[in-house]
Each structure stands twice: as structure tokens, then as C-alpha cells.
């Protein structure tokens, strides 16, 4: 067996032994154990003997702009996470969807217009510092910087690992055949091919 | 008080009295009581004394094409419902989203191509009679009739009252201002105005 | 180590490595990974890099009559599945229970009588093509072909892996001692032994 | 309007006003408000200003043998309740099902045999004082007094309002037509009619 | 009837009528309807015809320091909310518990020390601007301003209506008899009476 | 490889093979498999072929005073468990919290006073044999023996693995620095150091 494999085996045994002790652990928290695959309810739990305060903290907001379970393993199973969004003057957060999470935004600086749509309505607001707005789960939404300076927004999600789906990436960044897009949208082939070219899609 | 109001009051007392007896009802089911507002977990329950087998059945699939909680009050709280979809030759079910429900389809007749997209992939299949396909909750998906005859599809949902959101209605059927759509999509004003005209949107 | 074991180890490392990358996967879906044991919320997730459109589709309805998570791994965690039930003339689906799922049926062909019972009531309906009926979770129910031809029914469940418990198998197919059945039912030893003989039970 | 109606109206206003204040109540608990219909998640909450310690207590175990939400309104939404079961010498708790709750039993006095069945197995144990046994949700189960004195059992349920369904009541206490029972069980008409007679069923 | 009562009745009918139309509303969101009592899953839903974008927004953070469901009715059922916490130099957020919600904090300004305790451990961190920390549901926690200026913290909760329980209010602000506190803590009567005096408790 | 490692590997293959067969297991129950780490929804499931009736039973109440998932693996995922509490004359169960479970108590012998506190109220009752009382999830509560003999109480929890947090252990048994306790409680350094000394805390 290769050295790499030996390391993994050793690692594996370390975990294997820690489970048995796990039988007495309580439900105070479940820090993500990335050595095992995720389940529909989140990642398996790290043995409590290996958990430290660092598992519940992160300085990642400035670097990655996210504080998701990958950044804070202690978020696992808690159904909450955060992100920091910088929006330049005239900039925006394009139309997107979180299929698995509601989003609450707190404006930290600047002025923005935020909104979401349903089949029957548009719900839109102009927001300034310390204003709060909520996007219910799975609804198409956007943010536009409508102020005269950069805007900073803190976003929190009702999931420790929210999925972020930019609408036009879904439509034009993959190899979804143009004839199918034509049949399932109101766009013609020329428009579709132009957008695919912009976003790097094919077909 | 008007006669109409008297009727409502009487009705109200009828319900008021029935709750108290309700205190002994069990959790076998909770048939929707449309006299009271929905809650996040579904509609309040009808008094069991008023429930009949008709509350659990419907012949609505051929008329309305839906068997949702409004059609079958007994679905309330069960998180399941059904629809029947007829797709003409060359027809399709346009790009849409169910923010609150997974969807499983069973092809009853004809040949279709069904698919959904994530930020990184397209998951697409050609399906024939008795083939099954699933669209996970909140993901953008479509169906195209790729056969030589009408297609009939039974769709079932992981919600008793699924929301159906046609993508282009969300974008172009309301009064979302054109400048905001420009800033949050890759479309130019001319395209947007054309699509708004087609779908009856303004702004 | 045996070759078989080597194969498994290699397989295991393949998975072990894929988890770490898993730390960045989102919650768009969780395709069942049958290499690891089920949890109360479903199977662990396959690494997204190994997921294909086949994980969300099945042609199993005609072969196995089921489209459960074992047939469509993409159903994992979605709480929905389907089955196709053929009922001969004069045939029936015997009294049974799904302890973990509601069931909605759509009649595709023929005429049936479907019903379920509570301690206080019988809820029964005659159903024809495209009629829909629902059996709430955990309630004893049945279907009888009451038409003049074979009946075909599509059944969908509020679970990706519903348990199907035929009542008389529960009572008479195992080694539950006859004296205990006598004390907990209204049947006498002779009847019980006769039914055990029919179903292959002992005791 | 009648005096009775006036009383109800007054009552109604009392509640109507209390809701608005309710807007600031927290989620410490939700004591059942039996004036309004149950929802799939439980009864609406009584205004906290009307809640007393009696809403969380009961002396009903000796009288009613139950401590369900109807006996302890404070159980509402907590998904837990209790019962006290006296089983005479040679007595039993007949085959029954709780479609909506797991059950845990603690033997307080005497000796019993408890068990539940799945399609593939029988899980059965002899239990004495302070032994514990669990019946998973929706599975057919029974208890038999196998000791030489009365047995006393405390049962607790994973629901504040568990449904108790005695198997033979489901089959023979209602008007389910004998021909349908014949077709969906292994019993013949004579047996069915005999059992219907014993339990007061018709048809 | 008094004018006030007439207003309420009219109001009531307005709602009564709106429910029936409610039968067709979807699950896009459920804006809190404070005219009816809360349920274990949240408040009943306002009729969609009365919902505006203001139901999803609030400028309350600077005034009330909270953005809970009472401030943003659109949060109802979404299980998320926010607060803004100002902590003076040398100030702190005393030991407290949220029985029904996890809490994630984002430091907006200043330096703090945050921590929570389990029976076996203390999890504590020093945090600066844009650092994130999480307090799992129901655990005793605190924040101390350990910097040289006022600290500002955004807190978000995994509940739309979190309960905030200051530990010493629970112990000493009510009429819990001193002898019982003596028997259930390590404090003597003198200490207890002193603390009751400070917090306005009796007994 | 060491013999110990060989044993583990063999063990591991045993499980690895059992999962694949697991793909057909149903949701009747999910007996805890302590060889793998817990998930937010509970432990992974043991292969059904290894499950026996002993997995659902325990005689541990008299020995350990608990019947939690570690004592009864079959409780896994069912959200219910039990404990037996002996309280001497003049004894008590000190102030504590279960962050993850409601608790229902049944008095089996003696007389007790039980209570819990919210920010606004004390809910307290004197209880005798067969009286029942409930402590909602996450609320601070206590029991005092107020009778003239030993009291015996059966406690059941809305979790298969409840966390038990004694308040004064949380505050004084760990190394939480005295200055922080001073700033976040109303206690002075002398009191804190005295209590730390009593409970074995440092700092």
C-alpha cells in the first residue's frame, strides 16, 4: 500500500475508534466532519473531543465573503449562515435563486434597491443603512446599488450551506441545446447563441 | 346587522362550538378548513364530524389538471399532490420553478425530454411511457414534447399546494422597471421591452 | 489481503478523498450513496462529481413496478416516490399500511374501489380513470378492482422509500406464538393455525 | 341576538384583542387554545396572559389513564404525552397501531411480554419492573400480561395527541362491506360476519 | 353593540371572506396575520391580496434594535430574524439563553469576546470587525466588549421570533421562593435575597 | 498492518458489504450504528439483518437511571427516551436545562414540587403519585422533594439523546475567567471564586 493510503487508513481508524466513544455524546451541537459524506440533514459530527472554539468562529467574511459550513464547521445542522456583499456604484447582484434557503439582508453602508418576484407580484424596496429586507425561500430576487457610493450588505441565510444560482448561468453557461431553450423561453436562436457566447455555454 | 352578516355569524358559531369538541380529535388526518387562514404548516383542520370520503378524492384531473389541496382538502398537511399535463406535438412546459416542492413525473403517453439545471450542470433525459424523472426542490426545469404525438404526463409534488413560477412571467409580466432588469440580467432595453410587450408587463 | 478486499479499499479511498471536496457542495440535491449506511434523514450523498442525469431517472416502473430510492438514487432526501400497480379483474391490493408515508393514487385505467379506516369511520370511494384518492400516513387501506377489466393505478408516496406492510403477513407469516395472537385478537387457535399455514408462519 | 350568542361574541372579542398583543409573544411554549381549530402543527396558542402552571400539569393519569394535549394543554406542539395502562392477570393490550407516534413503555409493576412486527420479523421481549421497550412509529404492536399479578405500564408517545387504532375495530367495527373484507383479507364471509357481530360492525 | 365591536365584526368578516379566496393561495410565503393566534408553526397567513413589500422590510434596527416577526411580518414561518446590539466600553451582554434558536453574530465595529458553555467545555473567542461566531440552540452564552471603543454587533437567529432569557432574571426577578432557590443552587439565603432585591424579585 | 488494524478492516468490510444490501431496507426503524459518526438527524442505521429485539429494550433504568439511545439503539431517530430519578428526602434536582428536548415527568412515588421559569413568569406545581408535569424545550427548571419520603420520578424526553446541563456547572465548573463572569452576572469576584472552588472550576 502507498504511504498516502497508509495515512488515510490511519486517519480512518482514528475516526472509527472515536465513534464508539461517540455513543455517549449529546446533541449540544454537531460540528461538521468533512471526512464523511454529507447527509440530507447535514454532515456527520466530529467527535466532541476534537472540537475547539475555532469550529464556531471565522474571519472569512473579508477574504471569501462567506461564512458557510465550509468556513465554520460548527454551523452544521443549525440551518444558518452569513455572507458579506460589496456592490460597486452602479453595480448589482444579478437575478438569482436560493432553492434551499430564505435570505435576510442588513444594509451596512450605502443605498440599494432589493426585490423579489412571484407569479402575481413584484415586492421591491429602497433600503438605506440598517434597513432589513427578506427574500423568502426559492424566490427569484436581485439587489441594485442605487446610491452614490459603494454599498455593503450583510446577508444571512436559513441554511448553513445555501446554494446560489445565478439565473443566466442556469440558462446560458451550460450545454443546454439552443432548440430546447427556444421551445421553453421566448428567446430566439440568435439571442440565445449570443448569450451562450457571453457566458461560455455551448450547444 | 345584514342577513349576510347573520349567516356568517351563525357559521362562525358553528365552528366556534366545533373546536371545543375538537379537543379530543386525533392526528389521523387534518382536512383543510378553508374558513380560516392558512398557517405555515397548512390550513386549520375541519371538525372530524364534517369530514366525508369526498374530502380525500377528486375527479378534477381532467377538468382542472390539478389535484391540489384546493381540490382535495384531505391533502392538507400531507405534503403531496398531483397534476396531469397534456403537451401537444412540438409543445413544451416552459422553464419554471417550484420554490416549495420537489416534482416527480411519470410519462403516461408519448415521448418527452425533461431536464433541470444547477450552476454547474444540466441533467437531461429522454423519457417514454412509464419512465420516471425527478426535479429536486427549487431547481429550474422544463419538459419538451420530443415525440410524434401528444404527450401525457402525471406530475406529483412534495407539497399539497405547490407554487408554479414560469420564469418569463417572473421577469416580464409585472412592472419591474426595465433599467433594473438591464442591471440584473444580460438583456438590453430593447429586448426587455419586447418581452414585456409579449407578456403584458409594464415599466 | 484478498483481491476482493483490495477492490473495496480502493473504492473506499475513492470515496474518502471525494468527501473533502464535498465540503464545498451545496444543497441542490443529495443523490443516495449506497456505500454508506442510511441515516434517519436518508442515505449520505454521492459526490456531485459522480452524479449523472441517470441518478434522477428510471425505466423501472414496468419491470419492478417501483420507482423508489433504490431505483432512483436522486430521490434521496426528497420524500417522494412512485409505484405502478396492476390489478386483475376481481383482484385487489390486500389490507396494508405504510407506517412512514402518505399515499396518493391516480387511476390510469379501469374502475376500482379504494378506502381507508379510522377507529370511528370508513372512508371509501369508487374511482374511474384520472380520479385521485389519498390515504393519510399510517392508516390501514385497500384497493379492489370493481370494474370489468384490468385496472392500472399509479401510486405516489410521501417517502422515497416507503414501507409496505401487508396486514396478514404481519399477523401470520412470522413465528408470533399462537397463544399471543389469541390473546391480542378475536381469533381462536384453529383459525390462527389455518392462517399461519396459508402464509407460512410458525408457532 | 341570543344571550348565548352575546356570550360567544364577547368571548370572541376577548380573543381577537389578545392576538394583537400576541404579536410580541415568544416561542417559549404554545399552550393549546381549544377555541380555534387544530392545525397540522397543533392547536393555536392561548394568549400568554391567560397561561397558568395548571396548563402544564395534570392529575388525570388515574382517572382517564391519559395525559394527552386535551388533559395538559401545555403539551401542544411539544410532541410528547403519556398514558397509564393497567393490565389484569391474563389480560392484554390488543393488536393496535399509532399511525402518528412512536411509543416507549416503562413497566412499573408486574411482568409483560411486548412486541411489534415488520413484514420480515417479530421483535418480542419479556419485561419486568423498570424494563423499557420501544415501538417505532406506525408498527403493529401488542402487550400481554405474562405475570402472576396485575401489570402497570407507563406509556409515553412521540406525539401530544396520539391516535390509538385497535386492529379489529378497524376491520370489523364499521360498515366495511363483507365482500370487500373477503377480497382484501384471507377470511371467509362466515368468519367476517361473526367478528362484525362481536364488535358491532355492519355490512 | 358598541362602535368598537362593530369595527371588529366588520374586520372579522373581511377576514372570514378572504379565507375562502385563500384556498387558492400558494406557499410562496406566509405573512403573519396578527388578528389570529399564533400556532406552533407560526402565525396564520395574511391574505395575499393584502400583502405589500413593506411586509418584508423594516427600518426598525436603529429604533427597536430588533427585526423580528413583529417588526417584519413577512418573516413568519421562515425561521430567521435579526437584531443590532450596541455594547458600551466595558459593557456586556449578560449570560442568557435562546431556548428556540441558534444565533450567529457578525461584529460590525469594535472588539468583543464571545463564548458559550457546555457541561464539559467553554468555547470562547476574541472577535474583531467582520468576524463571525455562532451560539448553538439553547446554550448559555455571553458577549463582553473587550475593546477600547463601543462595539456594534449584528445578531441573526434561526427563529423569526427568538426568546431572549437573561439568566439572572430567570432566577431572581420572579417570586420563586428563596428556600427552593437554596435547594436547587449553591447560593445561600442572604445572597439570594440580595439578588432578588437588585432585580425586583420577591419570595 | 497490526492485528488490531486487521480486525478493524474486517469489521469495516462487513459494514461496507451490508450497505449495498441496505439499498432495499425500508424506513420501519433505524437502529443506531455506533461504528459511524452521528449526524444532525441521529446515528446511521445498523443493517436490518443485524437487528434483534434487544435493540429496542433495556433493563438499564435501575443501573444507569437512563434509557437513552446509548442504552436502547432502537430509539435512534425516534426522538424519545426515558430516565428514572430518585430524590432523597430534602433532596432536589438542581436548576438545569435541556437545550434539545422537552421533558415530561410522571411521579411514581412521594411528593415533589416542580417548576420552570420564563423571563416573565414562574410555573410551579406540587405533585403527588401519578401526577404529570411538562417542562418545555430549553427552559430552566428544577424539582424539589417536598414530601416526607424518597421520591421516584419517571422522566421522558422529546429526544433520544437529551443533553443535561446543570446551571452551576455551566457557570463555575470550567475555566471561564472570573472577570468575564463578573461582567456577565451580578456576582462579585469573591462569590465567583468560592463557587468555582466548590465545583472545581478554575480561572
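Chains: A, B, C, D, E and F, in written order; residue numbering restarts at 1 for each.
Assume a residue touches a chain if its C-beta (ideal position, glycine included) is under 8 Å from a C-beta of that chain, and two chains touch if they have at least 3 such contacts.
The shown structure was predicted, so the numbers you read here are calculated from the model rather than taken from an experiment.
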If you check the contacts of chain D and chain E, which chains show up for both? B, F
Among E-F, B-E or C-D, find the interface that matches D-E: by residue number, over half of the contact pairs should be common to both. B-E
Averaging only over C-alpha atoms, locate the centres of chain C and chain E and give their separation in whole Å. 43
Where chain B and chain D are represented by their mean Cα positions, the distance between them in whole Å: 34
Rounded to the nearest Å, the gap between Cα centres of chain A and chain E is 25
Name the residues of chain A that each touch 2 or more other chains. 12, 28, 36, 39-41, 99-100, 115, 118, 121-122, 124, 136-137, 139, 163-164
Let me know each pair of chains that touch one another. A-B, A-C, A-E, A-F, B-C, B-D, B-E, C-D, C-F, D-E, D-F, E-F
In the complex, go through chain A and note every residue touching chain E. 28-29, 48, 51-54, 56-62, 67, 71-72, 74-75, 78-82, 84, 102, 104, 106, 108, 115-116, 118, 120-125, 127-128, 130-137, 139, 154, 156-158
Applying the document's contact rule, which stretches of chain E touch chain B when the two form their complex? 9, 12-13, 15-16, 18-20, 22-28, 30, 33, 36, 39-47, 76-77
Chain E - residues contacting chain F, complex: 90, 92-95, 97-100, 113, 115, 117-119, 121-122, 124, 136-140, 142, 144, 163-176, 180, 183-186, 191, 195, 198-199
Once bound in the complex, which stretches of chain A touch chain C? 1, 5, 8, 12, 32, 34-41, 69-70, 99-101, 159, 161-164
